[in-house]
Every structure is written in structure tokens, then in C-alpha cells.
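Pasting the structures in now, so scroll down.
In the two complexes that follow, subunit A is the common piece, with subunit B as its partner first and subunit C second.
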Partner chain A sequence: MNTVSTSPYLAGLLQGQPPASPLTWLNELRANAVDRVGALTVPTTRDEDWRFTDISPLTKLSFQPAQGAAQLAPAAIEQWAIPEAAARLVFVDGIYAPGHSFNRAGLTVENLASGVSRHGAAVQAHLGRYADFERNVFTAVNTAFLHDGALILVPRDTALAAPVHLLFIATRKHAASYPRCLIVAESGSAVTVVEDYVALQSEAYFTSAVTELALTGNAEVHHVRVQREGAEAFHFANCAVSLAQASRYHSVSIALGGRISRHNLAALLAAEGAECRLDGLALIGGQQLADSHTLIDHASPRGSSRQLHKCIVDGAARAVFNGNIMVRPGAQRTDSSQSSRNLLLSARARVDTKPQLEIFADDVKCAHGATVGQLDVDEVFYLKSRGLSDTAARNLLTYAFGAEVIERIPVASLRNRLEQTVMERTHAAAPGAEGKP
Partner chain B sequence: MIYQDSKTLLSVRDLHASVSGTRILKGMNLTVKSGEVHAIMGPNGSGKSTFAKVLAGHPSYEVSGGEIEFEGRNLLELAAEARARAGVFLGFQYPIEIPGVANSQFLRLAYNTVQAGRGEDELDPLEFDDFVREKMKLLEMNPDFLDRSVNEGFSGGEKKRNEILQMALLEPRLAILDETDSGLDIDALRIVAGGVNQLANKDNAIVLVTHYQRLLNYIVPDYVHVMDAGRIVKTGGKELALELEERGYDWVGAEAKANARVNA
Partner chain C sequence: MSTTLQNLVNQPYKHGFVTEIESDVAPKGLSEDTIRLISGKKNEPEWLLQLRLDAYRHWLTMEEPQWPNVKYPKIDFQAISYYSAPKPKKTLNSMDEVDPELLRTFEKLGVPMNERAKLAGVAVDVIFDSVSVATTYKAKLAEVGIIFCSISEAVRDHPELVRKYLGSVVPVGDNYYAALNSAVFTDGSFCFIPKGVKCPMDLSTYFRINTENSGQFERTLIVAEEGASVSYLEGCTAPKFDTNQLHAAVVELIALDNADIKYSTVQNWYAGDANGLGGIYNFVTKRGLCKGVNSRISWTQVETGSAITWKYPSCVLRGDNSVGEFYSVALTNHHQQADTGTKMIHLGKNTRSTIVSKGISAGHSNNSYRGLVRIAPTAAGARNYSQCDSMLIGEQCGANTFPYIQVNNPSAKVEHEASTSKIGEDQLFYFAQRGIGAEEAVSMIINGFCKDVFQQLPMEFAVEATKLLGLKLEGSVG
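After this line comes the complex of A and B, so read on.
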């Protein structure tokens, strides 16, 4: 299990792996991932997939998994609490914190390390099946460390109205964490999951997360992802979703934090009539870089997908969006639309957006578009003609630009909190605001 | 209505303006007194909407000559927001949609900003809610429109009602309503016009910019002006609108050109 990687940096990252599991298949999965890491290298801007995202600052620092859980007072967590939640799992620097976790959901919401033995067959059927680590080094590293994270199993025809909150808290400088989440929604079930990354410190640390979701026939999953990591964090996340017949997956991803963040989201519409909606918002400033790569893979007929991705970029920050929509041969009657809209608030801010359509079927409806710009002069004038100052008008429009995505979060308390955050951020972007909304 | 003791609110003298280098207004003159209702009519491209936007201070229009005085102040020195606070209101021909901002939030922000500018009390959300609901009755608007995003998904008529609702909240001294009748069915037109009529009083004034006479059946103007090629070429009473309806605009332009030749 200790194959030495060709890349000294990756070899260093592989130090401190968890002890062998009693489950043979899990050990094999990890060993395969370790092998894979050995064959891969840290991506550079010479790799097409990382052209705009220079992660070299990461390689100048070394990170190790935290040993032993940091103790947090309940009050320290309160600020992120979601009162509506039916269940919550808290991880501190990647280590499960049972004292802060609860489950009133009446179904399996537990940490993966214990769930994997209790629900061995169910987990084995899905874990590692969707998040491919052949070519993705961060997924491979996460899989090499596969040990703990969240397990949610929603039984057939069970609808859980209240959300499940997965809270990942970073407290330690130079800590590496490898959270792994598996969410399985059996046929006809429904669940809302909030995957939430937060920090109690602003030094550099490293999160490499992998989340896999399997939706069986007619299941419905709302997946909210909030990345509000610390200012110096490196956050790499890979999320893979598999949609069976007539299942529905709605995701809202919000990226606010981190020095460099990368979110890969791949949704496979594997069977007929599946629907997915991927919405995203990156709101960044300073020296931040937020990269979002999505793939919507229409592999079956009559699938539908909707995507709205927005970036608000201030300071010298940089946002990247690469949205690939693949319509495979035979995926007739696919109905897909994608929109990438970007707002630049400063002269040094930058967005690289690349919508990509690859269509191999002839009876499809696909629309996509991308805009990059500043606030519209007529919109600003409309607000000013109602008495709002130039600053207040611009702030309100910037806020509104982001709120259109946040509005789609189906958890009221989280939605309100994030709207508040965006309001504060957008005012901060142009100081001296008067007439706060 | 024309009052004996009225004050001059707006005085526009020899106004010239252009957009993207194209001259649109070429010597516009207009005086509006308190209590009056003016209609500015004219063919497409005559400069009606440009005049409305220049009055409200749209940044894309460049004023190259002339004066605009509003209640004794030089309006051209004021930014758009200062004009709004001073009591100038533009009802938009195409109201802007702002997804992500609740209409109630926008209306309260506008109201409080203008109130603060006048040194008057602002309202908190609860107080404002009562206040705005009362005003909405004037326009037979469903209170559901408070919770929706500003103008998003509103029909043409709903957008125009929302404009007049803003006028009702902001209580301007001078309201310029740009093509408020366009896109309205007959019921919506009656409601919107009824709202405007109730807001008109002896201290304020209304300038209706319209292509058609139809609106003037509901809001009766004291003066009807006809614009052609960037200035007012004919002024009359409300009967002029009927004549325009019957004969079109061509004769007014021809008459203006003939007069210009005589004067030259």
C-alpha cells in the first residue's frame, strides 16, 4: 500500500494513510487508487483541463492529515447550524465529531467509517463506482485515503422533507482532509443534502473531497454545496452523480472561499427521462481563484438538463467555468440549456468561461450562451431614476445577480444566511454604500 | 388643470442632445406649470423618448446646448438620482426586470431613499408594507406582486402598473410618463390612467409622452405638443390630439417646414 509516486509532491501527500480496513474490497479500492496516484502527476497549466487554474502555490506547501480530533465547543458550530436539519454530521479537519452530530431523520445518515461495515453490501455496490480516479489525481488521492465521510442511504419510496447537513470544519494549519460522501437515493425516494465546507482559521490547508450520488429510478435529490473555506485554503472537490430512469437531481453550488478552489461536477443521465439542474455561483475577490468544471452527460433518450452558472469577480480574482454538455448517440429528444453569466467588478478581475456542446444525436434541443460584462447601464439608470445613489444601485444589482442563484436553494435558513453574506460582500465591493436594502 | 396661481415647475429652453454622436433634440422648448397635464406626441423618431430620458438624466444622452430649469434649479447639473430626489419621475416605456430583488425590497429602498433626501421619515418593512398595500389598491394590483422579483415575468400591463405605483410612492412634482399606454389592453389602460388621474393635483405636473391619442381619452391634457425632428413644432389644446388621430402627423411636419421657409 505504499507505492512511491513518480511525483515527489504526491508521494509526500500519500504519507499518513489510514490503517487497513477489515474489508478486502475497500483495501483493494484504496490500493488501486494509490497505484493510480503513482502514475499521475500534479496538473499544471499545460494540461488542457487546468489551463486557467495554476495550482503551483499548493505544491510549495506540504499537508498532512490531522491526527486526533480538535475539540470544539458547541457554540463554535452554532453559526453554521441549519435549524431545519433532520440530521447533521460534523467533521473537524476530516475527523468525524459524533458529539456535534445528530440524526433524527429515521434513515441512515452516519459517518462512512462505521456505516461501511454496517451496510457493507449497499456501500460496496456504489462506493468508488462513479467518481473515476483513472485520470483525476485529486480523486485518486481522496480514494487512496478513503476512510471517513458521510453515508446517506434513503430507502425506497421514502421522502425526507427536512435537509441533511454535512458540515466540514477546518481548524488546523497545513492539515489535509479527504472527506468522502456517498448518497444513495433508492427508487421513488427524495432527500435534500447540504454539503458545507467552513473554516475557523485563515491559514493554508488542503481539502480534497469526493462525493458520489446514486439516484435510482424516480428518485429526487436536492444537493446544496457551499464552499466557504478559509482565505488561504486549497479546496479540490469532485462530485459524480449517476441518474437512473426518471430521476431528478438539482444542485446549487456556491463558492465563496478558498485561495484556490476547483469543483468538478459530473452528472451522468444514464437512463431514460432523467432530469438534472445544475446551478452555480462563485463570488470572489482579492487574489482568489474559483474554478468550476461541469459535465452533463446525456447518455439516454428524453433527458433534460438546465444549468445556470454565475460568477461575480472583484479585485484581482479569477473565475473559471468550463461547462461541457455531452449528448451521446441515441440520446434522442434530449432537452438541454446552459447559461454562463459573469459579472466583472474591477478592471483586474478575470473570467474564463467555456461552454462546450458535444452532440452526437440528431433529434435534440440544446441551447447555450455565455456573457461576460459589467452592470448594464439601463439597469443602473432605472434604479438611479428612483433615487438610489450610483453605489447603492450597483450594489443592489450585483446582489441581485448573485441572489438569482441563491434563491434556488431549497433550505430557507441557509438561503437567508447566504443572501446576507452576498449582501455584505457586494457592499464591501464598493464601500460607502448608502440606502442599504 | 390650468390654475391661475400656478408656479413654473419646468422650463426647457433651446435644448440640444445627442446619443452615440447622433443629434436627436434640436432646439426643444417647453414650459410646464404646476397643476398642468401636457401630452407630447409625434411620429416615431421625433425625439419624444429621448426628451423623457434627458429630463431624467440618462447617462447615454449628451446635452450639447440649452437649459433645463426645474423649480429654479439647473437640472443639468444634477445626477439622475439627485433629480429623482428633487421630484422628477420617469415612468419607463420598458421597465427593467431585476431578478433576485423582491419588488417590496426595491419599492421600500426607493421610497426611503427619496424620503431621506427630502428630510422625511423612512419606513421600516412592516410600516412600509401597510403603506404600499394601500397604494396598490389605487391600481388594483394584487399584493402578490410585492413578493415577486422586480418586473420579472410581469405582463406589459403589470409592469406599467408597477411604474405608476412607484410614482404614487415617490410623489414627484414632475412625472414624465414615457409611452405608458403602450402594450396595455383597454382595462389596464383604464386602471393605469385612473391611477395617474388620482395622483394629479395642483402642486404637481404630468408630461405624457405618447404616440397615440387613446391614452388622452382617459387622462385629459391641458396642452398637446407635437414633436418633429427633435423639437416641438405645434402646440394646441386637447382637440389637437383628435385632429392628429384623424389626419396623422405628416401635415404638422409639412406645416412646420412651410413656416420655417416663410420665417427664413
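After this line comes the complex of A and C, so read on.
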């Protein structure tokens, strides 16, 4: 692990790696990732994949993994608790906090560092198989630091109705954390996972997360991702999903926080009849930048996918969406639709959206659409004609725009909480906001 | 069904003959000397030579673009001849003086200049390889003050106009192929519509690449002054050669206040044979500038030829209330590749743009729509509507859509829609029920699919385009 990166910044990031694991394959995986980081560079806006997301503010700061867990009072994390959760894993600055975690789910929900030795074969079969770090530098850095995170193994024909809550809390300035999650749903199983990123401080820090999900035949996974990082946070997340025959994956991804956030979500419909539904909402303002890149890869026949991505952009914030739908040769009878809806609330807000279709099979149904604009004047007028003030009408419509995505979260308490957040945000943004006609 | 369709879309190229005319060809290779030679042969003024040299020096510093969704072996720019002119080159006063062999070529192409001039009232500026050999109806146009001639003549006779506008929309260093074109362009058309003049007839050029191994680098410049309007038609064909030929043209349109330019293209360059051997590399930069208020630029293209098409006719909507339009049909078959679309850059207030793109892919071809809609912070009230539909015929082809939407003004409204479909068994069955054979049915379905674009074409072109798609899809029914 002595490779020196071509990029001094990346070499700096690689400092402070976890100690070698007793597992040879894991050490090899890390070493490969370290090598790969050595060959890669920090992406710039000259890279097509990063064209609209300038991450140069990140490279002006340096980040180190936190040493030793910060002690938090149980009350400190109460605000994020999900009462209906069957299990919870809490990580503070990337370090597992067993005192705040519990597992009443009756199946494997534990931290990866201890789970990897107990479930070696099962983990080895999946870990690092889906999140490719060949070209993605942040996945490579995460893999180089691969040590801890969440491990969820849902056995065959087991359906867990209550959600599993994975809570990642940032408390330290300039800390780097590299959480790694692996969720394996065996055939016929069902699970709901909430991946939740929160902060107790507002200084700059760096999160580079990787989540891998493997769905075996007929499995069903609901994956809720809430990114409510601190105002100065840099959040880079890569999520790779592999869907086997007739499996169903539903993701709701909400981006509220962070100075610069990037979420890559790649779903591979590897076998026949898989279904995938991706819903996303970015609600940002100020100087925030939220970037979402998704890939729905139809590699087998009779797959279906539905995607709705919405952005509400205020202040001088910037939202980026790149949604790629790939239909590979032979993936006949694919049924796919994608929609990107964007609402600009201020004169300096900006949206760059690129819904993208790549189709190499002829018997398919694919459609996508994108809209960018402000609230419909007719709708505002209608509400005003019912006696609402201009501000109230706009708030209500903005809220409704965002609520369409929030409503799809299958966890009631979280849904209510986030609806409240959207309500507060849209009300805070509205009165006298710049650029309003 | 797929075999039937496969047969339907396989039909030989009908314009693949070489005209035996002695050509004056410059030696292969590109250097400052080549550029001086071209400039010298054309007796160009010093400023133009300087522009060419600046472009060439800039080109040397640039890299060939890698981002398009097309694959081809690296082009050897030193193996191309940059100048080719038919030899018997005396001043031509009437059509009768044109080489009969040349006229026969156009006859075969179905451009009977004499007849067309009389019957259709179309003024044809014919480009044969790089030199414009005859221009009809010039006098008639001159009466209303319209200048329509080859760009070489324009440089000679109207240097002040050419100097003012050349490179003002596509700067010499704009992109790799535009820079190359600026350095070595040999001929093309120049059209100037003075203030308040509505051009009384459709203007037309017919491009044809003849000599093997010669790139065609034509340059078109159209200027419509305040309140002027013009409809311009461009058609292209090329003979069959096994090697690949490079075509890197630049077209610049400038519309001042209340001016209106309509530019229509039917492109049927040689597409290579069924195995993807040969064919034209069509790397073109086309851009229109709506400089004045209420101006309008409309692009209509029917792209059926070329081994590789790489072009994005664009509109820069600078004037307030200006309008940009793009209507496109792109058909690819065998191993053809097309990466085409448009750019709509909204700068002025209340600017509007419409994009309608229809892609049809068959065989092993790959057809991509790539479009940009950019709303600048200054473009209050801007409006865009885009629609991109693809049709796939067969399992080996690809259809891609890459729309880039960048919005920086909250009062703008941008909408994009795309869909993919195929010719269904049930549709063919329905036609068969009504006594219509598969071949005709496919042709009708395709024509229906492309209707939104065809109805934008001037009449003669609409007929030609419909026929062309019919021809491309003609063949035996299994």
C-alpha cells in the first residue's frame, strides 16, 4: 500500500488507512483500490461526467478519518429516531457506535467490520462486486478505506415489514468518513432500509459512501436515502444495485443538505422481469449544489423501470441531473419511462438536466421527458381566486411539487418528518424571495 | 418480420457513379504551403489568407473531438487533397457552356438545371467538387439587389460584406473541424438579401463530391438584412468510393432585425456499402445567429446518407423575441452512424425555440440525437419545446437520445419529450388487411412518422425527401 498517487490531493486523502484485515481477499481488494486511486485524478469540469459539478472547493481543504469515537448522549440522536424501526445501526464520523445501535429484526443487521468475519463467504460473494472503482475515484477511495459500515443479510423467503435504520452522524470538523454498506436480499425476501446522513455541526467535512445491494430472484427492497448533511459538507455517494430475476427495487432519494453533494445510483437489471423504480428529490438553496447521476441498465428482457426526479432550486443553488437509461442488445420488451421535473425559485438558481436514452433493442417501450420552469401562473391564480395570498399559494404549490416524491417513502414517521421539513423550507424560501414576479 | 424489413431497407445507392472530367487536383497534404496554394489559385486578398493561416495555426493546437457517439479510424489529414477543380475552366456565360458530361451527371441526379430553372423557378448554384460552375437566375436576383454567387466570387466582388460577416458566427477556432474548414475552404455559396427584400424564389445549391480522396470543405454564408427573408435549399450526393472521404463544411447564417432565414437540407452522401466500407464522413458546423429583434432562423434537415454524420445546426437567439427552429429526420442503415441534433442558445428576452427530431435506425446502424437547450440568465420569458422520437427497425441497431438542458432563468419554460417505437407486426397486418403490401406499408408508416418534419420542407424538397426515404426502404418483400 505504498503507491503514490499521481494526484497529491488523492495521496493526501489516502493517509490514515485502517489496519490490515486478517482476511486476505479484503486486503487485496483494498490494495487494488489503492492502486486504482494512484492512476486516477480528481475529476474536473472537463470530465463529461463532472461537467456541471465543480468540486474544486473540496480540493482546497484536507480531510482525515476521525480517530476514536465521539461520545454522544442518547438524547442527541433522538431527533432522528424512527420509532417503527426493527433495527438501527449508528455511525459517528464513520465509526460504529454500538451503544446507540440495536437489532430486533431477527436477521443479520450488524456493522461490517465484525460481520465480515462471521459471514465471510456471504460477504466475499458480494462485497466490491457491484460498485466498480475502475473509473470512479470516490468509489476507489472508499474501497481503499473499506473497513466498516452496515451489513444486512436477509435470508430466503423472509419478509421484514419494519424498516432498518442506518444513521450516519457527522460531529467533527474536517473529518473524512468512508461508510460502506452491503445489503443482500436472498430470493423471495423483502426489506426496507433507510440510509440517513445527518450532522451535529456545520463546518466542512467529507463523506464518501458506497452502498451495494444484491437482490436475488424475486426479492424486494425499498431503499430510502436521506441526505441531510451539514451546510458545509461534501457528500459523495455511490450506490450500485444488482437485480436478479423478477426482483423489485424501489429507491427514494432525498437531497437536502451539503455544500456539494453527488449521488450516483446505478441499477443493473441483470435477469428477466426485474423491476426498478427510482424517485428523487433535491430541495436546495443558498450556494448549494446537488448532483444526481443515475443509470438504469436494462441488460435482460422484460424489465421495467420508472423514474421521477424533481429539483426545487432557490437562491444561487444549482441542481444537476443526469439520468441514463440503457437498453442493451437483446433486452426486448423493456418498458421504461423517466421524468425530470425542475422548479426554479430564484433568478440565480440553475438547473442542468440531461435525461438520456441509449437503446439497442427494437421491441421496447421507452420514453422520457424533462421540464424546467417556475410555478404555473394559472395554478397560482386558481388558488388566489380561492382567497389564498400570493405567498400562500406559491408555498402550497411548491410544497405539493416536492411532496409528490416524499409521499413515496414507505416509512410513515420519516415521511411525516420530511413533509414537515419541505413545508418549513418552502415557507422560509418564499416571502420576498428574489426573482419573484 | 425482421427479414422482410431488412430486405426493405437494403437497396443500392443510386448516385454512385464517377464523372470522368479531368480535374485540377492539388497534391495531397496539409501545410501552410497548401493554404497559400489554395489562396493563390483563387487570387484571394491578403486578409483572407491571413484568416486561413490563423485558423490553421489554431487548428494545429486543437485535438480531434472524442465525445461524439461515433467510431471511426483516425483520419490522416496529410492523405487528403485539399483542392480539386474541374479542368476546363473558362468563364461561363450561360448554361450551354457547361461541360456536357457535368450536365449529364446532374441529369442522373435528377437536377435538370435548364428545366428546373425554367419550370421550378429555382436558382441553382451548383458546386462540383470545390468550384462553383454555373449560377442561374443571377441577373433576376440582382434586380432586387440580392447577391447570390459562389463565395470565391463574393470575395472578389463584395469583399467588404464577406469580411464583415465571415467567421462572425462560427469563429475560426470554434471547433476542430470548423478550424480546419476555415483554413482550407475552397468554395461554397454566398447569399446576401438586402434590407426589406423578400427573396422572390427559393435559392438552391447542389453539392457533389466527385474526386476520390479529396475532402470537401465548402463554406456557406447567408446574410439577411433588416426585414429580409429567404428560403435556401441544399442537396448533397457523392459517388461511390471504397475509401472514406471527409466533408467538413461550415454554414453561417445571420439574421438582422425582423429577418427570416429558412435553411433546408437533403443530405444523401454515399453511406458506404452494406458492410460499412467507404462512405463520407460528414463533420459539419452549421450555426445561425438571430442578431436582430424578432428575427427567425429555421433549420430543416433530412439526413439519409454519409457513413458518419456529425452535425448540430444551431441557433444563437440574441435578439429579443427571436425564434429558432429545428426540424430533422435522420435515417441510418447498415453500418451508418449519426450523431446529430441542435443547439438552441437563448440569450435575448422572450426568445422561443422548437425542436422536432425523428430518428430512424435500421441494420447495424447507430443513431444519436444530441441537443443542447441553454437559457442564459438574460433570457427572461424564454420558451423551448423539444420532441425527439426514434424508430428502430431490427435488433442490431441503436437509438440514443442525449438532451442537455441548462436553465439559468426562472421565468423560462423548457419542455423535452422523447419516445421510442418500432413498426409493429399488428400495424403491418392492418395494412395487409386493407390490401396494402408490406413495402408500401413500411413506407407509409415512416412517412407518417416523419410528417411533422416533411411539412416544413419546401414543396419540391418534400417530394424528393419522401421519395428518398421510399428509395432507402425499397427492396424485395420476402
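Throughout what follows, the second predicted complex is superposed on the first by the 431 of 437 C-alpha atoms of A that agree within 3 Å, B and C clash if a C-alpha of one lies under 4 Å from a C-alpha of the other, contacts with A are read in each partner's own complex, and residues count from 1 in each chain.
Here is the rule we use: a residue touches a chain if its C-beta (ideal position, glycine included) is under 8 Å from a C-beta of that chain, and two chains touch if they have at least 3 such contacts.
Since the structure is predicted, the reported quantities are computational estimates derived from the model, not experimental observations.
Applying the stated contact rule after C-alpha superposition, one finds that A:Asp390 touches subunit B and leaves subunit C untouched. Residue contacts after overlaying the shared chain place A:Asp54 against neither subunit B nor subunit C. Once the two complexes are overlaid on the shared chain, A:Phe401 sits against subunit B while remaining clear of subunit C. With both structures placed on the common chain, the touch criterion links A:Asp132 to neither subunit B nor subunit C.
Between subunit B and subunit C, C contacts the larger number of subunit A residues. Of the two partner chains, subunit B is the only one that A:Tyr382 touches; subunit C does not reach it.
Of the two partner chains placed by superposition, only subunit C is touched by A:Ala349; subunit B is not. For the contact definition in use here, the residues of subunit A common to its subunit B contact set and its subunit C contact set are 435, 437. Contact residues of subunit A toward subunit B in the complex are 377-379, 381-390, 392-393, 396-397, 399-404, 407, 434-435, 437. Those residues of subunit B that touch subunit A in the complex are listed here as 56-60, 79-81, 83-85, 89-90, 92, 95-96, 98-101, 105-106, 109-110, 112-114, 116-117, 149, 166, 170. On the side of subunit A, the complex with subunit C involves touching residues 48, 52, 329-330, 332, 342, 344-374, 435, 437. Of all the residues in subunit C, the ones that touch subunit A in their complex are 67, 375, 377, 390, 392-422.
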